[in-house]
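Submitted below is the structure of interest, expressed as C-alpha cells.
For reference, chains read A, B, C, D, E and F in written order, and residue numbers begin at 1 within each chain.
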Amino acid sequence: MSDLVTFGETMLRLSPPQGERVETARELEFRAAGAESNVAITAERLGAVATWLSKVPDSPLGRRVVSGLRQHGLDVDVVWSDGGRQGTYYLEYGGDPRGTKVIYDRQGAAVQTTQPQELNLAAIRNARLFYTSGITPALSNQLRETTAQLLKVAKEAGTKTAFDVNYRSSLWSPDEARQTLTRLFPAVDILVIPFRDAQTVLNYERDPRQLAHHLAAEYNLQTVIVTNGERGSLAWHDNTVHEQDIYDADTHDAIGTGDAFVGAFLARRLAGDGVTRAMRYGAATASLKRTIAGDIATVTKSEVESVIGDDMEEISR
Amino acid sequence: MSDLVTFGETMLRLSPPQGERVETARELEFRAAGAESNVAITAERLGAVATWLSKVPDSPLGRRVVSGLRQHGLDVDVVWSDGGRQGTYYLEYGGDPRGTKVIYDRQGAAVQTTQPQELNLAAIRNARLFYTSGITPALSNQLRETTAQLLKVAKEAGTKTAFDVNYRSSLWSPDEARQTLTRLFPAVDILVIPFRDAQTVLNYERDPRQLAHHLAAEYNLQTVIVTNGERGSLAWHDNTVHEQDIYDADTHDAIGTGDAFVGAFLARRLAGDGVTRAMRYGAATASLKRTIAGDIATVTKSEVESVIGDDMEEISR
Amino acid sequence: MSDLVTFGETMLRLSPPQGERVETARELEFRAAGAESNVAITAERLGAVATWLSKVPDSPLGRRVVSGLRQHGLDVDVVWSDGGRQGTYYLEYGGDPRGTKVIYDRQGAAVQTTQPQELNLAAIRNARLFYTSGITPALSNQLRETTAQLLKVAKEAGTKTAFDVNYRSSLWSPDEARQTLTRLFPAVDILVIPFRDAQTVLNYERDPRQLAHHLAAEYNLQTVIVTNGERGSLAWHDNTVHEQDIYDADTHDAIGTGDAFVGAFLARRLAGDGVTRAMRYGAATASLKRTIAGDIATVTKSEVESVIGDDMEEISR
Amino acid sequence: MSDLVTFGETMLRLSPPQGERVETARELEFRAAGAESNVAITAERLGAVATWLSKVPDSPLGRRVVSGLRQHGLDVDVVWSDGGRQGTYYLEYGGDPRGTKVIYDRQGAAVQTTQPQELNLAAIRNARLFYTSGITPALSNQLRETTAQLLKVAKEAGTKTAFDVNYRSSLWSPDEARQTLTRLFPAVDILVIPFRDAQTVLNYERDPRQLAHHLAAEYNLQTVIVTNGERGSLAWHDNTVHEQDIYDADTHDAIGTGDAFVGAFLARRLAGDGVTRAMRYGAATASLKRTIAGDIATVTKSEVESVIGDDMEEISR
Amino acid sequence: MSDLVTFGETMLRLSPPQGERVETARELEFRAAGAESNVAITAERLGAVATWLSKVPDSPLGRRVVSGLRQHGLDVDVVWSDGGRQGTYYLEYGGDPRGTKVIYDRQGAAVQTTQPQELNLAAIRNARLFYTSGITPALSNQLRETTAQLLKVAKEAGTKTAFDVNYRSSLWSPDEARQTLTRLFPAVDILVIPFRDAQTVLNYERDPRQLAHHLAAEYNLQTVIVTNGERGSLAWHDNTVHEQDIYDADTHDAIGTGDAFVGAFLARRLAGDGVTRAMRYGAATASLKRTIAGDIATVTKSEVESVIGDDMEEISR
Amino acid sequence: MSDLVTFGETMLRLSPPQGERVETARELEFRAAGAESNVAITAERLGAVATWLSKVPDSPLGRRVVSGLRQHGLDVDVVWSDGGRQGTYYLEYGGDPRGTKVIYDRQGAAVQTTQPQELNLAAIRNARLFYTSGITPALSNQLRETTAQLLKVAKEAGTKTAFDVNYRSSLWSPDEARQTLTRLFPAVDILVIPFRDAQTVLNYERDPRQLAHHLAAEYNLQTVIVTNGERGSLAWHDNTVHEQDIYDADTHDAIGTGDAFVGAFLARRLAGDGVTRAMRYGAATASLKRTIAGDIATVTKSEVESVIGDDMEEISR
C-alpha cells in the first residue's frame, strides 16, 4: 500500500551533449522523464512509498521507461499496451540567448488511450494521496475524462488529491486549459500553480499571495502552492501564507525542478511535517535537482537536509 | 539535372552500442537512413548525379535527416512540412541467436501525406532514371497513390524507372503487397526483387532464374534482378541471365546491403556499363557496406574497384 | 510474497572497452553483477516473483548496486550497513590467447558480516524456493555459518532450496570448498554443479551422468543439474536423466551464462514446467545472455521462446 | 548560380574534451572549420545561396572536410588535389587563466598551391558577392597572388567583394600583413576589420569610428565594419555610422563568432536589408554561435530573429 | 639522483561525467591521483628531478597507478606488493549546493603496510628535499611509524624535509592528528598548513600571519606556508612574511589545487628562486590546475610564467 | 645505462571507432605509435632496460607522444625541436574486403632533420644493443645519413646492432630501399626481414630458409630472422635454423605485431635466453599484441609465459 499514487505520461528523453545541436548530433543521451513519475520518485527517495500508474507500449521502448523509473525504487504499476507509441522528446541544452529547446514527439502515445478501469484503482483508493498534473488532461480527450474520473475515485475513497497546473502551450491553448482545469479544481485538495501559468491560463493579474487566497476561496482548496521561479514560492494553508526563498544552485539541468519541489513537499507532508518545513524541503530538493543531469532528482534525504542546514533545527521544533 | 531521382521515406536511426539493449541503454547512436536515400547516395558516390525527393517536418529532426544525407553530396529536394512526425527506428545489434532487432516508430510521419504535386516533378521528368521501393506504397494510402503517379510521370516523360520490392512484413500483409505491387510493375523498367520476397509476396515456388524469366515476361520488364542473400544474385536482361556471387565480408552492420547493391548497379548502368559489370559493382559495393556502421555505403569508386580486382579487366572488354 | 528468494553478494563491475587494458584505460563501464542476483533477475524476467537479500553499504556505491538490480524489477530487500566496503571487480575482455581477466577487489565487503537475523527471514520462509551459491560461504567464516543457517531456515519452513556449487579458486582451496559444501548439500533440494567443479573440488573422475546419479544418491537430492560448457548439460530428476545441448551463440560477453541458465530453469520449474522443458529454457536463456553486455540476462520470455522455436511444441505436451 | 562565393582554407579541427589537455588526451572531437567556409555556411543558413571554392587533397581527410561543410547545404566546389596535405588544428578549451589554445598544423596544405585558373572562376563572375579573408593571402606566396587575382576577377565581372582582415600572428608579421593587405583593399567593397587588428597591423591609434571613416576614405570602400569584441561593432556606410551592441551569451565555444557575424551580415545585405538591420542579424547570430560547439553557427533564421525580438519590428519598417 | 623525493599513497580515481551521480552512472573516468605524487609531478614539470616512493599491489590496478604517474616523466620507485589492495576513490562533481563529493575506498591498501626498509632509502639520502604529507601517517599505525622514520632518515642524511598537514577528517580525529603531527614537526624544515587545518587540528584561533610566526618558533621551522583558500597564502621565512594572492580561475576541477601550489613552490626553491618568487609560481600553478580535469597539474613552466606575466620581471631582479 | 637503445620516428595515431570511416567520423581515438618505440616498450615490459632516442617538436603534440611512451616505463631521451611537425597517421579499422587503411601525414616531421650529434650518442655507446628499422632511413636524406652514422657509432663502441627491414611502399620504391638498406646491412648483427619485403625489395624468389642462409653469408650477419605472417617465422643463428609457429589469436588490432615479436626476441636474448626460446617469446608476445588496441604490446612477462605454457619447460633446459 503506497502513501502516494501518481498517474501520468512518462517519455523517453533524447539529448545531444552540451553545445551540440540535434541537427548535427551523432550521439544522444537516453533517459526516462515525466512530471508525475518525477514527483513520485522524489517522494519515494525522501521517504514516502510511491506508485506510478500509467499505460506503456509492450516494447523495448516501454520497458526502457519502466527500467528508468524502477531503478529509483519506484513501484511501477502499468498497463502494457499492444497499441500506441511510446512518447519521446528531444532536449537540446543551450545557454542564453539560445535557450534550452524541447522537441516533443508524443503523438499517438499509448498513455493517451488510458481508461480509468484499466488502471489499478484500488491503489488509488488505498493510498493516502493521489497526484497528477495538468499535462495529463492536455494529452487527449480520453485523458481529460480519465483525469476527472481518477480524481473522483480518490475523493470518494477519502484519498487526498494533489494537482500541479503545469501548463504546456504546445499541448493546448490557455482557453482550453482554463476550461478543463477549473472543472478539475473542485476535486483537488493541494493545488500547485506556477505564477506564470496563473497569468497565462487564468489571466490572473495580481500577485502570488492574492492568487493563493483567491484560489483557495474559489475552489475550497486545503493548500495552494504558488511557485514563482527565482522569486521563490509560497504556500497558503489554514489561512496562513508560508513563504519560501529558493536555494541558489549552479544549474546543470533545470528540467524537473518544479517536480522535485512538489515531490519533496508531498513526501514531507505525508511524513507529518508542517507546511513551512515541507516547503523548505521542497526548495532544497529543487536546488539540488538543478545540479543533476536528467529530469529526476537523484538525491538522498540527508543531502536535502544538509542543504537546509542549521536553521532547520529551529524550524523542526 | 540529375541522372537519378529517388523518392521515399528516410528515418532517424537510434541504436545502442553493440551488446547493449534498448531497455537498459543510456547512449544511442543517431543517424539518418532510408532505402531510397541509401540507393541515391551509393549512386552519387559511384559517379551518378542523384536527387532525393521527400517530405520532412520543418523541425530539428527533419533537418537532422537532411544533414545526414547532404554530407554525402546528395542533392536533397524536399517539401518542408509543418505537420507530421519524423519517422524513427531503433536498431539493436545482436549476434545469434538473438538477432538484430528493429523497432519502427514511424506512425504519422510527414512523408506519408506526400501528394505528387508537392514534389519537384520536373526533376523526375528531366532525370534519366527514377527509383523508389516497395516500402513507399506500404506506408499510407496516399503514398500508394503517389507512388503510382510518380511512376506514371516518369514513364510519360521517358524517364526510365527502377523499383525494389523491399517487402516489410511490419507494414502490410503479403496479400496487400501483392495486389498493390503487381499493379505498379507494368510501369517499371528495372525490377529488383529479393528471392524471399518472391516466395512470401508472390507465393513463387520455383528458382530465382525462372522467377526472373517469369517476371520479365509477365510485366514486360527490361531488367529483372533477383537477389538471394548469401547465394548471390542474378540479372535477367535482353533475354540473358547474368549471375553474380557475393564477395565475402566481415560484417559490422548488415543493414543497407541491398540498397548498396542497387545503388551501385544503377550508377554503373547510368555510366554505360553492361549488366554483368554493373552486377559486379553491385556485389562489391554490397560487401563493402557490410563492414561499415550505419545504413549508408560510405565507399569510393576506387575502393569498390579494388574489391573487384584483376578479373574486372577481362570483363570490361 | 516471492516465489524465489536469493541471498548473496553483488559487486560493482568495472570494465575498460574491448581491446583496452586496465593498466592504460581511461574510461570504465560501470555495472552491478553477482551470481545470486543474476539468477533472481533472470527468474523475475521469465515470470517468477523474485527477491534478493543482501547487506550493502549505505553509500552511493551500495545504492549503485541496488539501482542496477531494481531496474529489472527485482525486489531488493537489503540491510543497509554503516560499515564494510562495497565489493568491486575489474573485468578485462580479451580474446585468445589473452583471455578475459577478472580482478576481484572485495576484501572487507559489508556482505561478509551478514548474520542470519539481520535478514528478512520471513521472506525465505514464505517463498517457494530459496537459492544461493558456493560463492557465498567462500566469502567469510561468518557467511559460511550464515549460509548454513539460511538453508536450515528454508528447510524448516518447507521452502525448497537450490544451490549452485560455483567454485571460485580465488576464494578458497578445493579442500576447503569440499569440506564446507558437502556439509551444506544435505539441506539442498536442487543442486547445480559445473562438471569441472566436480573434478576440481570433489575429485570426481567419472562422467557427468554418473556424477548426477552419485550426488543424488549420496545427498538425497531431488534434482541434480550438471553443466558441462559447450558439451551441454543434464538434469537428474526422479531417477531420470534429461540431456540438453547448448544453443550456439555469437558471444559478446560470456560472464553470467551459468546464472542465466539456472535462473531460467528455476523460473520454469516454479511455473510448473517439467524438467526437460525447464532445461530447454535454461539453455536458450544462457545462449541469449552470451550476446548481451554485462552479467545480467536482459531478455524477455518471448525472446527465449523464439530461440527454442518449433520443437518446443512437441516437448510442452 | 550563387549569391555568395567564398574562397579559402578549411581545416580539420581536433579537440580534447573540456578540461583535458592534448598532452594526455585519449579522445579527440573531429570537425571541419575555416573562416571562409564558416561565413558561407552562416550565409546559406540565413537564406543566401552560397558556394565555397577551395583545393583539398583527394583523401579521406579532404573528404572529411567536404562532408562537414556539405551537411549544412553549402555548395562545395573544390579542386581535388593529388599532392599536399589537409591542414589540421588542435583546439584545447581552457578557462582563465589558461585560455583556449590553438595549435596549427597546416604546413604544406594543398590549398596553399591553388592557382586562380584551377578554380571555378565562372562561379565568382556570376555571383553577387565574393568573400575571402586575410588568412588566405597569409598562407603562401601563391595564395597572396591568387587572392589578388580573385578579387580582380570579381571586380572585373561586377561582382561585389567583401574581405575580413582576420590577422593571424602565427602566419605573418604585422608588417608583412600590412603591406599585402593594403594592396588588396582597393579591390574591396565591404571591409571587415577587428579593431585590435587595426591596432596591430595598421598601427591605428584612434577609435573604431574614426578608423572606419579613415579606411573608407583611404581605400574608397563602400562599407567598413569594425568589430570590437565585447564593446560591440559599428558599420560605416553611405557616410553614416551604424552602431551595434553585442547580445549577451553563455559561451560554450567562442571560435567562429566573427565569421558568424560576417556571414549573417552579408546574407541579410544580399536579401535586401539595410545596414542597421543586417548588423543586428550579425550580432544576434554571433551570440548564438557562442552557445554552440565547433566553429560553425548551426542556427536557423527564426532562432536569430527570436534573439533580435520585438525591437526588430521598429527597425524593419 | 633526484632533487625531490616524495613518499605516499596514490589512489585510482573513478568519476562519473559532470552532472551524473555515482548511484546511476554507467561510465566512469579513470585516473591516478595522490597528494605526494601530485606534488612530485608538478615539481618535475616545473624543472625539478623528482622521484615518488610507494608500495603498490603487483596487479593491473597497481600498474594503472604507475602508468598514470610515469606519463608525466616522474621517476616511480615502488615496492611491488603481493598482498594488499590498491586504494580507490570515487569523485562526484557537483556545483552548489550539492558540492563535489569524495567516497574513499582505501581500506587495506598495500601502501599501509610499508616499512621504511622496503623503500629506496638511498634515494631519500641523496636527494636535496624529501616531502610527504599528513595523509600518510593517517593511513595506518605502520605508516605513522614509517613517516617518522623517513623524516629521520632524511634529517640524518642532511636532506631537507617538507611536509603538508593535509588534514583529512575521514581518516582520523583532530586529536589523533594533532598528537601525531606535532611529534613530526621537529623533523620538518618546510611546513605547509592550510589555515582551516590549523583551526581544526591545532585549535588555532588567531590569524594566518601569527600562526606562521608561532609554528616557526615552536618547532624551529625554516619556512612555514599558510594557505587560506580564496584569501591567498603567506610564507614565513627568515623572519619575514611573504604574502601571495590567488590568481582567479574558471574552475573545472578543484582537486589537487594545494598540491600544485606546493609542487611549484618546492620546484622553484630547488631551482634557487627566492620565497616570494616561488610563492608566485605556486599561486599561478594552482590557478592553472583548477582549469584542468583530474588531480594532476598538467602544465608547463612557460604556461605558469605567462600567468605570472610582466610583474615577474620586477620580482626576479 | 640501458640494455637496449632505439632510434626512430613515433607518430600520433588517430582512429575512428570500429565500423566508422574517417570521412564521416566525429570522434577519434588518440595514441602514440612507432616501430622503434614499440620495440623498445615491448623489450622494457619483458625485462630489458630500454631507451628511445628521437627528435620531437616542443609542442603539446610532441609531449603527447612522449607521454604515451613514458607511461610504459620507457626511458625517453629526445631532442625537443623548435621547428618541424609532429608526424601523425589516421587508422581506419575495416574487416574484409575493406581492409584496415592507414593514411600517413608525416611530411616535414621534426625527426626527419635529426643529425647524429644532436642525439645522446653516449647512450648508444654504453648500451648492449642498438636497434632501428628500415622506416627511419626512408623518411629523409638526412635520416639516411643519420641511420648509417648511428650504426657506425654502435659498431665502433662494440654495441651490437639489430635492424628490421620494415619496408613501407608509401615512403620509397623497392629500388631506393634496396640500394640504401644493403649498404646498411654490413653494420648489422641481427637482421629481421619480413619474407614479403625480401620478395619486394630484394627480388628474392626462394624460400625463407634459404633467404636467411643467403643474407647471413652475404652480409656476415650474426642472426637473421625471417618473419612470414601466418606461416610463422625462423631464425638463422650459428649456422642453425630455428623455426617458430605463430600462436593463434583473436585479432582486435594487428598493427604492431611485428614490433612486439622483435621487442620480445631482443629482450630475451639480452636476458641470456637462447634463440629458440627467444623466438618463442617473440611469437607469444606477437599473438597477445593482436588482442590489444593500439600499436603497443601492453603485456606482462607472466602473460607471455602463460601463452607459452608447459612446453617451455622442456625448451628452457
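The criterion applied here is as follows: contacts are C-beta pairs under 8 Å (C-beta built on N, C-alpha and C of every residue); 3 or more make two chains touch, one makes a residue touch a chain.
Given the structure is predicted, the values throughout are model-derived calculations rather than measurements.
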Q: Determine the set of chains touching chain A that also touch chain F.
A: B, C, D, E
(Q) By residue number, over half of the contact pairs should agree; on that basis which option among A-B, B-D or A-E is the same interface as D-F? (A) A-B
Q. What chain lies farthest away from chain C once each centre is taken as the mean of the Cα atoms?
A. D
Q. Taking all residue numbers at the chain D/chain E interface, are over half used by both copies (same) or under half (different)?
A. different
Q.
Using mean CA coordinates as chain centres, what's the gap between chain C and chain E in Å?
A. 45
**Q.** Averaged-CA centre spacing for the pair chain D and chain C, given as whole angstrom
**A.** 63
**Q.** Euclidean distance of C-alpha centroids - chain A vs chain D, Å
**A.** 47
**Q.** Residues of chain D engaged with two or more neighbouring chains
**A.** 21, 23-24, 26, 67, 71
Q: Name, in rising order, each residue of chain A that touches chain B in their complex.
A: 14, 16, 21-31, 59-61, 63-64, 67, 85-86, 88, 90, 92, 101, 103, 105, 107-108
(Q) Per the contact definition, I'd like the list of chain F residues that touch chain C in the complex. (A) 71, 247-253, 284, 287-288, 291-294, 298, 303, 307
Q. What residues on chain D touch chain B, complex-wise?
A. 66-68, 70-73, 76
Q. Mind pulling up the chain C residues that touch chain F in the complex?
A. 17-21, 23-24, 94-98
